[in-house]
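Right, I'll just put the structure down here and ask away after.
In this document, chain identifiers A, B, C and D correspond to the written order of the chains, with residue numbering beginning at 1 in each.
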């Protein structure tokens, strides 16, 4: 069981790299969506007993992260009639390298944080930090507003990963928080992207740098 | 009682002697030039004549112009009451009297220069500018000299500062006193517009200082200016005389002739200098004055180092 | 009683401009109400001071005040009283003068604003002087400072006024921030904001020196000590003249008051403090007057003289500090009495000069000295008053300026030390500096008086000028009378000064160190009266002579030149040229002169101008450099959201790695 | 009882949303504000013997710290709501349904922040505040306001996510030490000494950066100039005084826990450094700032810096910081609203165009100037008292460097801000710019006067109830009286 879980976690981390390295926006959306679905299944592994509430949580997460948000984003993209290629500030290779460095650092940093006995052999903390790092990387190195939303999604995924550690201690609160954040954030951002679309006929943030010193 | 007599002599001497100094200087210069020269008492004749004349006033002028000579004369006359002549202390003598003394002369200068500006004449303006400019440098020199004397005597009263003890100081702090003497002599020359700073006899308005300031005065007012100028000369001459020949013989009555003679000697000295030196270029005047300041300053540094 | 009267007076003063706001902008009713309130306020205030001086009546008021560390604590002591007198006197005279000078009908735009802040200014200054709590002090201080800002910018539609106001505001706020530090440090050392003297050894020497130095900067900016004076010349120039009079006569004295008060709190100082103050005094004095000589704007010239006089006051304070370090009571008494008296004197004669200058501006509509001339004929009263002010500010007998300089001279000579006294002879050189200051001031005022009032009018402005009305001349006359009073009867003011000294150095009077014993002020009275009497006698004699000898009138003798015009007169710039040259190393005059002469010279002109060296060569370049440097940081905010997010990331990592 | 201040604005929001008249809708704002003010007063002033005001099983609790901020928020909102009808009447061309609804929404969420006594709940409330206030920034529906909204939203969301991660870390630090993970503040503070230090350390870093982003501390401040520059003045006020206060409260809650735990020194160091950094950044960017609304944003950054600096310094400075929260907020009201008026009068917010405001709009110009002098820390206005208390406490506790830098930055800010403000208010209006129809009147000037009056009163004395309340609140943060 634990081995499978570790494999899945490694898969999640691998998806980070996919998201960083893929050049088509659709590809990134898919990678992030897949990561979301994987995350959705994780409560199965950390919860000792699986009740109705956990099932509900799993379903909601998977539907939201794996279906609703990707569709929403694809929709926005289609309406915007934008380029389908990511045009990064930092090249793909460099992004990947930075991602690798970040994952390494996350590993190192997570060693300084003591875990409880039952979590001590889990890879959750480094994976979480690495995902947060990737999210930041995407937020800071991609031009398109939609890619920034995806970066934000990655960031949230990282936080959710960490939240799994607390799932038992503080049931419901964690997921509720994460989902609320995600949902409202993405929802409002979506509206804004819509407006950006209408205003500029593009969702590249290049247009969004008029306000400066 | 003796004090009253001494003070009376002081006042009478101070009022009567000054024009004689001018006469002595003129005579000395004439001697050097190989001329007979005017009589020694000529300045007195001039004054009498001027006081009886009528006056001409410029329409440009105001009461300030008329006040100029009056203030100049009165301040000099009051100043003369404050300097020690042969007596150990002047009729007006108190701690800090040299300050009042200097500032009284300053008041006179203020009004003389203002009167010059009142005429609206460019030449008189020029003279006034030079007068006040050079004073700015002469004043510190005078005060630095005062510092030396104050340090030596331990007081700030001219009677004591230039009292009998000066003779003693010549042996103990001669260098400082000599520096002050030179410095004050330079101040004397500039304050009284003598060569090498100014030539009272020249007729080039552009090069004059004091004389050009009083171009427009005439009659009694001009007489007052002349008399005031001689008073001022007497004042500084007396200071120098006291510095060189302090009253030391112990007999106050004998001091008076000694004082008169020494003052006349100073006048002769001025005459000699006037005869042997040329006027400085106007731009070099400040340099000499700054030198005078430095001399005095060096004098005080020697004392307190 | 005194404190109550003063408080009442300052409240009335603060309110004096308020009723005017309710009246129409063209109505003078508000102005009259302001003047009446101001008269009432000053009468009350001066009555209070009279009570204090006559009876020693002082009942400090202390009330709780619900602000952290604050206490509403006011008291009048000898030091406060001396500074309060000009606050009340000059402000009411300025207000009366304003009836003619800044009449509401002539200045409907800004008259009401001016009087509102004029009243607040008076109140603020009174609070500064009586406050016995650091926070209350700061309140008064800032109300004063800000009101002054609004007064300076009365005519804010002019660019030069805005610039002057801006420089003032920056300077005054820098001062305020220094004072924040001063009072915070005082509290750190004493445990409260109450302004009470420290016991000896009650404060660490390093702490005391820090406080003193910060105070020197903070108060020094307000006082206009060279080189902290940068705001002063332009602010005094552009403000309405009765405001300039208050600024120069009273506001900058608040900086001096601060220094007196602060040094009275701190324990026995090291000798360096006195030496520094003395040195600053000499520098301010000499350079202040040197700059003044180079000016050709009447009010700017007077403004630089304020710096000079502040220098003279500092000489007095420096002496007192040195006296305290050396344990020489005579130096303390002479330094303080000279300094404090000069505070009073400068308030009188500088206000007199500014108000007279205002009268000139009122009549001739220009401040350019070289456009004036011959005003003594059309404005005889103004000319007379200005002359009195000029003689007084040069420190010439028989007026008040001489008395205070005399006291300071005595003290400076005293540092040479008699037998049995500890000398500090270095300080004696300040006597020579004071002599230089005096002579330069005389040169400057001969120039100004000659160029403005004497000779012939140089321009249309001067020709068409007119004498000012009775309210303006009336205000001037009061000041003239005060100048004569103190100049001729200095002993009258001695008790006041001694109470001031008692507040600074409490036990001196009891030990018999009296001013009268150290300085022969009675001789000044004698000589002053003798001078006036002789002048009158000789003057009458001359008059009789002239009547007898006959007087003819003609044009000025032009040395043979037959067609004199007003333009051939010596101008103020040419008058000052030699002196400006002598001080060229500090003044850095900008000159434009004809370079070469051909056989038939063209029309040529000479122009010289002296800007403020510290401001133009040091402060402004520094500010410009700062702004340039700061503009480089703008690359961090270029509208790129990716970069913004990066900052957050970097900050996060930095905090995680902290330690 | 404790639910009413949250529910009432929500209800008002619903009513507002439902109302159809663009003209009369804004009048609902003062109405709702009065109601809220009354409710808040009722619970804030509830006598202590009736026990603490709490609800939701302890998740909601009103402690002195909350009281200070809740009371302030309610007053602030009330004064802003008085300004709203006048302002919206000027903007009659724009639909204001969403705008008004969102203002009530912000009020509800901000109230929730102050009342929540639970780490998670507070986070939820903060998140909601961000989202609800975003549309108000977009009120003008221009490209520039859109950009501002986007930046506000994205930067704010990232920040708030970090705060979530931080909250989880904090929870885990309790879990690691085998403590109860209720996440109630009381409990956390009590358990603080036993919390796992590495986790607490990381949690503080995350929470500080997260909520610091909402507060607008440098270098997380970048959204501020854009958002404040483009939002209407009234929104600027509510953001700069209201939302930031809530974020500051969140920082304070976290600091309370760290102070009680092992990370007190670390937290104080960070707060002092970040406070000074914010002041420095604000100072640097304020010099030669041509846009006077952006300038106000930098001023806000500066004052947020002062707040955390005060708390970091400790002692009386904590009291000063809490007082400064109020003073700064009220003065920001003066500045933002009068700047808004001037903006309306000239149709521009650049100093190139805007000159002579004292002549063009005498009241607004004068108020802008007064606001500047007040915020710069001049007596007799409130900010002087609080700023001076902070610097005095810094020096008193021997933190000379912090105190000295504080004064230095205040000086630079004064100069930078002053140049812009004076350029705006003094002089003659430029002929080039065509003036709009705007003129000073009671509806747009009166509320600002009320702000000024409060600022002045707080500068002259602190009312006894407020003083004791501030004292209690400061005691929560370690001030021993």
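As a convention for this text, a contact is a pair of C-beta atoms (placed from the backbone, for glycine too) under 8 Å apart; a residue touches a chain by one contact, two chains touch by 3 or more.
Computed from a prediction, not measured in an experiment: that's the story for all the values here.
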Exercise for review: Name the chain with the Cα centroid closest to the overall protein Cα centroid.
Suggested key: C
Revision key, fill the gap. Maximum distance between Cα centroids and chain A occurs for chain B
Point to revise | Computed distance of Cα centres, chain D from chain B, in Å | key: 77
Revision key, fill the gap. Between chain B and chain C, the Cα-mean centres are separated in Å by 35
**Study point:** Centroid spacing, where centroids are CA-atom means, of chain A and chain B in whole angstrom
**Key:** 99
Point to revise | Gap in Å, rounded to a whole number, between the CA centres of chain C and chain A | key: 70
Practice item. Name the residues of chain C that each touch 2 or more other chains. Key: 634, 637, 639, 641, 643, 645, 656
Point to revise | Of all residues in chain D, the ones touching two or more other chains | key: 147, 150-151, 154, 158, 202, 225-226, 285
Exercise for review: Give the residues of chain A that touch two or more other chains, as numbers and ranges in rising order.
Suggested key: 139, 148, 205, 208-211, 213
Check your understanding: What is the complete set of touching chain pairs?
Key -> A-C, A-D, B-C, C-D
Study note, to complete from the structure: In the complex, chain D touches chain A at residues 120, 123-124, 127-128, 131, 134, 138, 143-144, 146-151, 153-154, 157-158, 160-161, 164-165, 167-169, 171-172, 175-176, 178, 181, 183, 196, 198-199, 202, 225-226, 229-230, 285
Study note, to complete from the structure: Residue set of chain C touching chain D in the complex reads 65-69, 135, 138-139, 141-143, 145-146, 153, 156-157, 159, 162, 165-166, 169-170, 173-174, 176-177, 180-181, 183-185, 187-188, 623, 626-627, 630-631, 633-634, 637, 639, 641, 643-645, 647-648, 650-652, 655-656, 658-659
**Study point:** Complex interface listing, chain A residues touching chain D
**Key:** 112-116, 132, 139, 145, 148, 152, 155-156, 158-159, 162-163, 165-166, 169-170, 173-174, 177-178, 180-181, 184-185, 188-189, 192, 195-196, 199-200, 205, 207-211, 213
Review point. Hey, which residues of chain C end up touching chain A in the complex?
Key: 634, 637-643, 645-646, 649, 656
Check your understanding: How about chain B: which of its residues touch chain C in the complex?
Key -> 51-62, 64, 66-67, 69-71, 73-75, 77-78, 92, 94-97, 99-100, 102-104, 106-107, 109-110, 113-114, 116-126, 128-130, 132-133, 135-140, 142-144, 146-147, 150-151, 154-156, 205, 215-216, 219-221, 224, 286, 293, 297, 300, 303-304
